[in-house]
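Every chain is named by a letter (A, B, C, D and E) in the order it is written, and numbering of its residues begins at 1.
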Amino acid sequence: MQIGLVVGTVVSTKKEEDLRGLRFLLVRELDQDMRQTGKLVVAVDAVGSGEGEVVLYASGSSARQTAATKDRPVDTVIMAIVDEIEVGGDRRFVKV
Amino acid sequence: MQIGLVVGTVVSTKKEEDLRGLRFLLVRELDQDMRQTGKLVVAVDAVGSGEGEVVLYASGSSARQTAATKDRPVDTVIMAIVDEIEVGGDRRFVKV
Amino acid sequence: MQIGLVVGTVVSTKKEEDLRGLRFLLVRELDQDMRQTGKLVVAVDAVGSGEGEVVLYASGSSARQTAATKDRPVDTVIMAIVDEIEVGGDRRFVKV
Amino acid sequence: MQIGLVVGTVVSTKKEEDLRGLRFLLVRELDQDMRQTGKLVVAVDAVGSGEGEVVLYASGSSARQTAATKDRPVDTVIMAIVDEIEVGGDRRFVKV
Amino acid sequence: MQIGLVVGTVVSTKKEEDLRGLRFLLVRELDQDMRQTGKLVVAVDAVGSGEGEVVLYASGSSARQTAATKDRPVDTVIMAIVDEIEVGGDRRFVKV
């Protein structure tokens, strides 16, 4: 999994039938110091996350292992909202 | 998933039997500012998209989760046509 | 999928039993202008391709979705020989 | 698999139901000289590892092949704690 | 698949139960001129290979398609020992 920041949304009306009702979010990968790295991905939201939140996302076939995404053509899913990140005893992030 | 721009087509007559009838499109990855990045991929079209359109594509085993691609040897599928992309309250892309 | 040029062959006699009879080809990734990029991969041939041909190859579990590769420990397969590539109305490649 | 150093932890209370009880660890990839490379990943712990330990982690669908992670939306798992790494007859790492 | 050189070994006693009896080898990716590139991976040996040998390795779910690795949490397997590599009519490698 990667840590990411939800930065936006993608809207699509013409899409594979199975995708109806899913929310597509733009997510930018974060490093351990909460800096945005260059990688950008579109992920399906499975936990009610929204813009500005720090999340965990999973890729590949693992992205289809949530209730929302089972058997659907999606390769990235937000499966957790991050409360806290700790590195070497230091809190690097605390959700407010 | 990634956001991409359909830039061309690939034609093949000699191919694995299961691939008959599929359309192969050349897609270039886009970033959140709709700039073309260096990555180029060949994707199967599952939603009737064409050259010049902004699309979402999925990779890996997830690319086989559409009606068109089930059990076929394809690793990338266009599963949605993008209508709108919003980042931090700004519309970065609107389909015309 | 990626577009690739078949540049060579790999021979192995001591290998997993299931791999007997498969041909391993060296493939170099091509961009939309038919330039060889740095990436090199070893792919199983599923369509009778050979050195000097421009091909499409699929990666990951999708590489096991051909008759030749089903249930075998291979992660890349050549599943089509390219006849023509068109970008923005221009023919970038035509097979001769 | 990759060799990694466990450098921190990620805590999440709002997450996909199936993830309850799993520990998420921050892991930084190591090279053969035990230097930390730039890549950072969040992995589920399947072997009781903790901060400061050198581990092996697996990615993709293989990350779901442990008792702890079966059928869950996780794409990276720590499946072994490293005791010793040997390169060209030299011990590069010995667990103390 | 990729061509690799076996450069070392990784030993682990505390690991997922299913991994008992498997050998973990350090493999460095080779290009078509047999130069070691920067990428290093830990692979399970399925063909009796050892340090100094040139091998083929497969990644992802395909790494679980050997007798040794079926259903186990491993994402890279050595599935062939290379005898010969030929590029453009030149032998670039012959096993001695």
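Basically, a contact is a pair of C-beta atoms (placed from the backbone, for glycine too) under 8 Å apart; a residue touches a chain by one contact, two chains touch by 3 or more.
Every value quoted in this text rests on a predicted model; they were computed, and no experiment measured them.
Shared contact partners of chain A and chain E are D.
Once the centre of each chain is set as its mean CA position, chain A and chain B turn out to be 20 Å apart. If you average the CA atoms of chain B and of chain D, the two centres end up 33 Å from each other. Contact of a single residue of chain C with at least two other chains is seen at positions 60-61, 63-64. Taken as a graph of touching chains, this assembly is arranged as a ring, one closed cycle with exactly two partners per chain.
Read around the ring of contacts, with chain A first and chain D next, the chains fall in the order A, D, E, C, B. Across the complex, chain D is touched by residues 7-19, 24, 26, 28, 40-43, 51, 60-61, 63-64, 71-76 of chain E.
Every residue of chain C that touches chain B in the complex is listed here, in rising order: 1-3, 31-32, 46-48, 56, 58-67, 69, 77, 79-88, 92.
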